[in-house]
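Structure provided below as structure tokens; questions to follow.
Going in written order, the chains are labelled A, B, C, D and E, and every chain counts its residues from 1.
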């Protein structure tokens, strides 16, 4: 055939739809660019979409379906619960898979075919430890997290990190996905009065949390990982987002990086909205597939896996990878990251964290 | 007053009425009798627009009212008291009555009439604010009968009013119907309590197997031995106990 | 006279402010056909419901064959041999007439297990068909009970009360809406059944012809209390009853 | 005894044909299609159970997915501990039965929407326990790697044998249910649905019947769960949330509640239709839900009623009731 | 103490919103004896109509609000009644319930497909100024929600019980056959019900979306909680919806603050199950009367 297929398996409906659709749109943009740049191995790229409905069981079936239909790589899924299951299927069939999930367990299962598009919580969250310890000089902290597999993963890593760093976790506030009233969570944190709070939730939950925190005048710094300072959250939370701090792997606001600025612009032109972190991940996933497949020179999952492990792509040679990016022998990814704070309604980079 | 011409109709695909024709003059009381399942209630539903009429015509004072909706029939001055229980369960007795006059224009007059029926059935006044569902079977029936009298009807269709009513109240209802007839109202009634009903009626109508069998002056029907045997509680000859034709005579 | 089959003592039942039944007591003896009459709302149906466990009486005692049935559920009473009908049509509308009748008998045949693994009709088709034939419903055997006419449903309802071979039957207005010819047939059969099996009946009815010719004794309720008791002739002549109930 | 009527013969032929179709259908299909067909069978079993509880006995339950969860987790934990699937099945079914009995108790006190609420709440509680008690259930990460049963010569590791294995179980489950619904129990269930007060007065112990309706329905849920475990080889709480109970309810109603074959059709529509529509990508759920609404508008008693409608269209015969056509008594 | 007051008052404010949605459930129940499982989506959608008015048609906020209200009445009231309720209602509650579930999916997916999966900010009708109540922060908006819910409960109760039209609506729901033979315009009564319901849903939408944000999936949780609130309150009493809503809002917050956050969704449910088993007609409901 003169086309190659990538299988976009993602959360296009259900609770994960915001993440999934951004992931998809980022990937779509990349596919268009890849095709404009001559495709993969000189063949045109097609990307059929498979909606998991945010249901791991469905996602597993759909990865199977995509493979049945002859895709050379799987792009997705974003929710860790889904990825944990469906990566088994890709593995059985030796199909490379770029995932947007950040749960630590994913790269711990010894699956050679799964690769992250952002670093996992066990890398991202620890990057924050020095910030809590040295910059904020916190003695006691709180954690507010959403009780799903994403939130729980981050929260577990955070608690372990704080223990290592000798910082007390004085309040541990779990909230439900799609919760609307954060009065209880904020009130609890307020009365425990930690020096800083780690906030680990999805977008609009983060926004609602910030709004309530402002209402109750929560005095301490709120620190998050990626989501808390995303453009969407700021748009939703309005001035309640001011002062929020986050550690961000790649951010569309890091416009001093030329690739990111170009990506953000063409995403906004195409989809009439600002790209999110998930959009960048999907974008990177497709481009990485292209770069690596072209490097291998043929469609071969085993060879792909071999090439991936220990691979570093320099932004200078591979501009669409946006930042210098490396994958280790488990598929974990590392690249430089940033500390960002919301000031006057927009995120400002307040520091750079080197790749770890 | 009312005329049915060769009505055919039934439920879904099933035909129950196989050509019912009769006419009742104004003002008069006509009692319909017939075995269980003969189609008496079905005829009433056909008149009142509640039945799928396959063919035939219903004429009211010469005007074709076939397949008109119940609301339209009420507009023409027809009211209907169906068989069984028909109250709005969670509304009070008073509000049930008031619903009986929902199409009335003149509220003051309606209130007066409600007062009048309450005089006639004192139970209604006593239980004015109770939910209809809490009433006893006969009390609910009183409520229904009273409700049908509120609108100044030209024609009353009343399906077995005696079910559940105590004997003195049955007499009261019959007296009311007679009074109404004298005021110019026509009554079409189904009654199993046939002797008493025919005795006060002007005409009798025998319905069987979905067809009109006899239509006569009530006193003649009462005197007819065949009618007596079949419908007024006479003995059924043993030979007539056929399984497929239960009413053979 | 033998011990009473049914004995009720000082039954009381109020709904909110309404005292529907006020201390009613009477006995019913084996083989009796007792009529229970009274104006609308005098508490007859409520009394039945209290006897049969559909309502819990506020006070008083009911015993069947000398055994107190306080707190017993209607199904348990039925297994003791007490059958009943309701004033309101009470069939299973989306089941065939035959199924209605079989259902009425099946719980008296075999055990839970035999009913699961045994014959689908619990061996009752024959008996049910005889019952159906008796009520002249054979042509309607496979129709849905809900599509029958009022009188026909009333007959199905009555038939169901007999399927379990009860020793005591409480009938609430069995005659309402039933064609007179059918009714006299029913009445004869009821008397015959009573004579043959010694079955006891308590009948609520507003059809005086039916009550007077069928019952051996009549109790009259008014406003929840017994106001008269006696043979049909005595009741017919009782002025209180005429004023309260029978009318002039 | 009544002999076999023409209708019975037709029905047997139709069932045999369907069975043959079910056997031939997956041959030569890709893995994914076989997987979907297998889930169709499994959900049919779950829907059959709910059909008994809701369709026959008239007790609304929004908790069928939680019984699937119970069946699935029990089988998963036991097979992960090394038990054979066949050995893990009885405990799974027994626990479902007992929990079903317990869930039936509220139904003795409340009806209709209150019962809907209690069962809904139960479903949510089961979900929360599965999610929060991660020492046992693996929490949000779920359990994975459960083996598929191996019967010596017949291993179900591949998708096709597993499909046949599931088909066999479905047939057995359907036969058992068929036995129940046409036994006196089935009649008692319907009586409970139609007129519980009258049923009680006829000696039907409606309490017991209600509890049984829940318990048996739950066993079918448990069985479906026990099959999901080896099919997906991964389970997590989210797959047994309220939405899934509603989906099973949808299957029952779309197929035709109270009709024996309703669940087969309903599960087919709910599981297979979206697959057929997937080519429309973003719009498939929109089209799917619109189709469901259209279906309910035109065949409100479920798709199983379509046959009767078609027949009436093809042979538009006016029927005269036998008793109405008979000769006259009076003339 | 101020912590208790804070979560209590916030719970009341959230509960008022639940109540507003729950009223829709009771209303539809009282007037059509069915449950609209798309009720949550009915509250999600009007906000999107307003956003469409603002962003696609370029209307100003207040005009867009009117536009959204009108479109909601037509789509969620008129069309819903004509195309779905009317054909299915005669075939019984469960079928209609299922149809409304499907409708919920339809609305949700349409909103997502045509407006995107991400939450959108939504302007508030009233200022969010805060007042300090004994150390607890309460916004003016919260108070207004409470007042409006209360007002609607009173108005609707009066309408249903004190006006002839209201009683006709009840009669239609309780016994449509009888209503019809008495000459009640049954179709129109059903229409009124659904128009009022749509209006309430739109109002609820405009009140809560500034806080909840406009998102396609908002209806899921909201609908469910409101359903629970309606049941707890008794379903056959409009005022029950208010009590049920407030109760759930407060219980949820108190559980999360003082008992367990992980099981915050569970404790209210357990409590409510107990309430219902003890008082099967709900807290405010009245029993439906004689069964035999």
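Convention: contacts are C-beta pairs under 8 Å (C-beta built on N, C-alpha and C of every residue); 3 or more make two chains touch, one makes a residue touch a chain.
By chain, with names taken from UniProt: B = Amino acid/amide ABC transporter ATP-binding protein 2 (HAAT family); C = Amino acid/amide ABC transporter ATP-binding protein 1 (HAAT family); D = Amino acid/amide ABC transporter membrane protein 2 (HAAT family); E = Amino acid/amide ABC transporter membrane protein 1 (HAAT family).
Here the structure is a predicted model, which means the values were calculated and not measured.
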Fill in the blank from the handout: At minimum, the number of touching-chain hops separating subunit A from subunit C is 2
Completion exercise
Per mean C-alpha coordinates, the chain lying farthest from subunit D is B
Problem - subunit D-subunit E separation of Cα centroids, rounded to whole Å - result: 31
Problem - Whole-Å gap separating subunit C and subunit D, where each centre is the average of the chain's CA atoms - result: 40
Practice task
Just give me the whole-number Å value for how far the CA centre of subunit A lies from that of subunit E.
Solution key: 36
Handout entry: Distance between chain centroids, defined by C-alpha means - subunit A, subunit B (Å)
Key = 75
Practice task
For subunit E, jot down the residues that touch at least 2 other chains.
Solution key: 109, 262, 265, 291-292
Problem - Touching two or more other chains - residues of subunit D - result: 197, 282, 285, 322-323, 326
Practice task
Would you mind listing the residues of subunit B that make contact with two or more other chains?
Solution key: 37, 134, 230, 244, 246
Problem - In the complex with subunit A, residue positions of subunit E that touch it - result: 3, 6-7, 10-11, 14, 109, 112, 116-121, 130, 137, 139, 211-213, 215-218, 220-222, 249, 252-254, 256-257, 261-262, 264-265
Problem - Residues of subunit D defined as touching subunit C within the complex - result: 1, 179-180, 182-185, 187-188, 190-191, 194-195, 197-208, 322-323, 326
Exercise for the section: In the complex, go through subunit D and note every residue touching subunit E. Expected result: 54, 60, 106, 109-110, 113-114, 116-118, 120-121, 124-125, 128, 132, 197, 242, 246, 249-250, 253-254, 257, 282-283, 285-286, 288-290, 292-293, 296-298, 300-301
Handout entry: Touch list for subunit B against partner subunit C, complex
Key = 11, 34-38, 40-41, 83-85, 123, 134-139, 141-142, 160, 162-172, 192-194, 229-236, 241, 243-244, 246
Practice task
Could you pull out which subunit B residues touch subunit E in their complex?
Solution key: 48, 50, 70-71, 74-75, 80, 82, 86-91, 95, 98-100, 102-103, 131, 133-134, 147
